[in-house]
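Next, two complexes with chain A in common: one pairs it with chain B, the other with chain C.
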Partner chain A sequence: MNFLWNALILINIYALLCLGNNLTVGYAGLLNLATAASFAIGSYTTALIMTRLGMGLPMAIGGAILVSLVLALVIGSATLRYRRTSFALASLAFQVLVLAVIRNTEVFGGTLGIKGIPRPAWIGTGSGSLLAFWLLTAVILVAVILGYLGLRRSPWALALQASRDDELAAVSVGKNVPWIRVEAFLVSSVIIAVAGGLFASYIQYIDPTSFGVDESILLLLALVCGGTCNTRGPVLGAVFVIALPEWLRFLDVSAPYAANIRSIVFGILVILLMRYRPQGLAGRYALD
Partner chain B sequence: MVPLLKADGLTRRFDGLAILNGVSLEVAEGQCIGLVGENGCGKTSLLNVLSGVDRPDRGQIQYAPENGQMADITRWPAWRRARAGLLHYFQSPHIWRNLTVAEHVLAAATGCMLEGSVLGAARWSLSSSLRRSTRAKCEKLLDFVGLRGRANAKACELSFGQMKLVGLARLLAAPVRRMLLLDEPTAGIAPEVVVRMIEFLRKVRASGVGMLVVEHDREMLSGLADAVLELRQGRVVGFGEVA
Partner chain C sequence: MSQLLLNAVAQGSLYYLYALALALALFPLRIFHAALGGIVAVGGYTVVLLANRAGWPIPFAFPVAVAAATAVGIAIERLVYRPLHIRRSSTLAVAISSFAAYLVLVNIVAGLFSSQQAVVEGERTSVAIGGLFVTSPQLLTIAAATAVFLAVLVSLQTRYGQAVKAMEDSPELLRACGWNTMTIRTICILTSSALGGLAGCLAAWDTGIEPGMGMSGLLSALVIVVVVGAGSYKGLLPVAVLLALLQQVVSYQVSPRWESAVSFVVLTGFLVFKPNGLFSPHKRVEELV
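The block that comes next holds the complex of A and B.
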């Protein structure tokens, strides 16, 4: 039973990651290869606030959101004027930079990471604690989805999609395209920081291996498979990321092999989808 | 006449070749000037420089925003000029291929700082009266261009002429309209719609909006323009009132 709750909690956390990434990749049309870096910023900030300052999860996540917003504002302002390819490369550089800092800085625990991150006391430690943690992640996921549903037909979301489809036309009707993109990046960073905070508190131990370039690519592939520009696609992508290796366990495939098989399946699926269903399994926007 | 847009000595070079060579012009409120000349003479380049899509190498552009005095806008980005009501209608349709026809007009109708921001999105979600009034305005514009029946169709599914009409509705939906830069607005549009478009543009002009129109159709120009400015090899070679 614990195995099932574990998968369901991770699905909720990864759904948050994909929903956050959906704003930059789907709505703004920018290939973001630094999702794992933003995820790491949220996770590490939460972990440090909880372990060093002894604060609770809500305060720690609040701190993670603040740090993410500041960094996103700096990075976004510097990179979101770039065209698509340049932005993808800049985001990749940011991903590598963040990981290098984490690996080589003592306060982040270097390659050993940070241990002993507590779960909130009110969640408890008994048999119901996983259900309680799942409920916590589910409430946050539902709140984010409701926010998304409110935003999706707003002039802001339309302007974001307009700037993605034809930047010149968006500018010609008064859309400040670089700033709209920075806003999308900020909102995206907040959602990803929250996911990072929940992840750190749930796993209770984080190290750089969870936030590498391969994780960013996996999250991007999950989004591409599920689909972009709505809420169904990113959630479906998250289900794939988590459920596939878990399902492989039933076939007696060991965890490292399961991760490799997941990558192979994702690779094949993305190639097939690009050919036959470029908008993903449940998406609205076909990536070009 | 109250001056609205003034360009002085605009020069633009590409690879050493002067596409615009010291172009000066002035458009007043409610005035429509036709821009004519052979292909490659610099008509589209002039509109690009005036709207901020491109930057001049030399020269100055002055513009009078709503309730404002003439300001030097040479360094303003294109989006800021558009928000001040200096709007550019491109020769090619430039549609947003994943948005519907209605979404095109809606996106353009809400261009101000707050409504177009993520904070404004919350207000939009909560205010049904704001949504209703904006949608009513959009429906009126779609009625005008005859595309209300296709409001929910994706713009990429339309014919070329319909795409141009979507572009026109999008332009006219802008919250502030002071000066229109129209690059061959009637090209590819059915004749009966062209007649309605000219009528509508006349009404828009009568409300004090200035216009600079690139058009090969002299008949269309004579029905709309007060004066015609001729360009040749990036220079103004003639200016005359329309009889």
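The block that comes next holds the complex of A and C.
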């Protein structure tokens, strides 16, 4: 049973990641390669606040949101002034820099990472604790999904999609396109940071290997695979990215090979999808 | 100090090969060629396989590995890029497919060889020139980069070189002039993959290779291409050497751990303050993608 709860909790966390990324990749059409970096910022800030300052999870996640907001504001406002593809390069630079800082700084534990991150006290340690943690992630996931549904036809979301489809037209009707993109990046970073906080508290031990460039690429592909610009697509992508290696384990594939096979399957799937079904499995917007 | 310079020249030569391989896909074809990282790994691991397990001597193993990398590159062009090109897909879709192809290649390599570092076995001779030490892989890297640089200078003057330059501005006009743009695509990808494979071989022989190494090479290449600016092939070599020098100095003065970070500080600086790059006053690299 624990095995199942583990997968379900991770699916919720990854669904948050994909939903966050959906805002930049799907709605804004920005190639965001810093997903794992934002994830790391959320995880490490939460871990540090909980282990060093001894505060609870809500405070820690609040701190993570603040830190990620500030960093995203700096990166976003510096690079989104120009055409949106400069953002792809900038996000990649951001990803590598964040990882280098984490790996080489004493505070972040270097390559050893941070151990002993506590779970919230009220979740307990008994047999029901995994259920409680799943409920916590599920509540946050539902809140984010409701937020998305509320945003769907809002002027802001429509302007964001207009900036993606026809930047010139959006500018001509008075939309501040660079700033809308910065806002999208900010909201997306916050959602991803929350997922990072939950991840750190759930896994209890984080190290830099979970936050590399390859993780960013995998998250991007998971989102594209599920589909963008609605809530079904990203959630489906998250289910895939977690369920596939678990399912492979039933076929007696050892864990390192399962990770390799997952990436290969995802890669081939995305190549085929881009060619034959660019909106992904359940997406609304075709990245065509 | 001069030893530092020499190491920087060797490292910069390797970066130049990566950067040129990337530029040949990015400038004329507008492909954000992330799969190149996988092609580099294929080249490097083929050399490791041939030299360590089959016992081939280096002069025989290198051409075969380059050929293997080139074949993989052509396969990616045919199976991944060209269908999207024919459908007129956006560059975003092409870039995502390229990342997908990278993930497939790297994980195949990692699955076959494990993700441990692999080095080509065998002796490396060290030559002393006026008190400076240079190893045979370094010497070969510098020689290869010099040869490639000269070849680029010459081929830019030929009809094909001009056609590749023209692809950047207007593939339609090139077609109207009677060129088959598909042939030019194949030429660019072929050259790019061969260079990537060669870089992988040299890296595997010099310092060893791991599956993710292609990506870090690609990232350095990206920095160089942005610093140089769109459409300039000649500026790549000096900038590559300068970047390597900067990394060596940081590694020597501060700590080797910050070696990779420094190039991204440079990248961020250029994206914010000089997005056109050094050698291209009219176009920004990002406008291509």
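The criterion applied here is as follows: the second predicted complex is superposed on the first by the 286 of 288 C-alpha atoms of A that agree within 3 Å, B and C clash if a C-alpha of one lies under 4 Å from a C-alpha of the other, contacts with A are read in each partner's own complex, and residues count from 1 in each chain.
As a working rule, a residue touches a chain if its C-beta (ideal position, glycine included) is under 8 Å from a C-beta of that chain, and two chains touch if they have at least 3 such contacts.
Note that the coordinates shown come from a computational prediction; the quantities given were computed from them, not determined experimentally.
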Considering only touches as defined above, state whether A:V213 meets chain B (first), chain C (second), both or neither. second
Which partner does A:L71 contact after superposing on A: first (chain B), second (chain C), both, neither? neither
Where does A:A193 make contact in the superposed view: on chain B (first), on chain C (second), on both, or on neither? neither
Of the two partner chains, chain B (first) and chain C (second), which one does A:L48 touch, if any: first, second, both, or neither? neither
Does the superposition put A:R284 against chain B (first), chain C (second), both, or neither? first
Which of chain B and chain C A:A15 touches, first, second, both or neither: neither
I'd like to know which partner A:M274 touches here: chain B for first, chain C for second, both or neither. second
Partner chain(s) touched by A:V173 [first = chain B, second = chain C, both, neither]: first
Comparing chain C with chain B, which touches more residues belonging to chain A? C
What residues on chain C touch chain A, complex-wise? 32, 34, 79-80, 83-84, 87, 89-93, 95-97, 99-104, 106-108, 110-111, 115, 212, 215, 219, 222, 226, 255, 257-258, 260-261, 264-265, 267-268, 271-272, 275, 284-289
In their shared complex, chain B is touched by residues of chain A numbered 150-151, 154-159, 161-162, 164-166, 168-177, 180, 183-184, 186-187, 229, 284-286
In the complex, chain A touches chain C at residues 29, 31, 78-79, 82-83, 85-86, 88-90, 92-94, 96-97, 100-101, 103-104, 212-214, 217-218, 220-221, 224, 256-257, 259-261, 263-264, 266-271, 274-275, 278, 287-288
Touching residues on chain B, where the partner in the complex is chain A: 51-53, 77-80, 82-83, 87-88, 90, 94-99, 103-104, 106-112, 115-118, 120-122, 124-125, 167, 170-171, 173-174
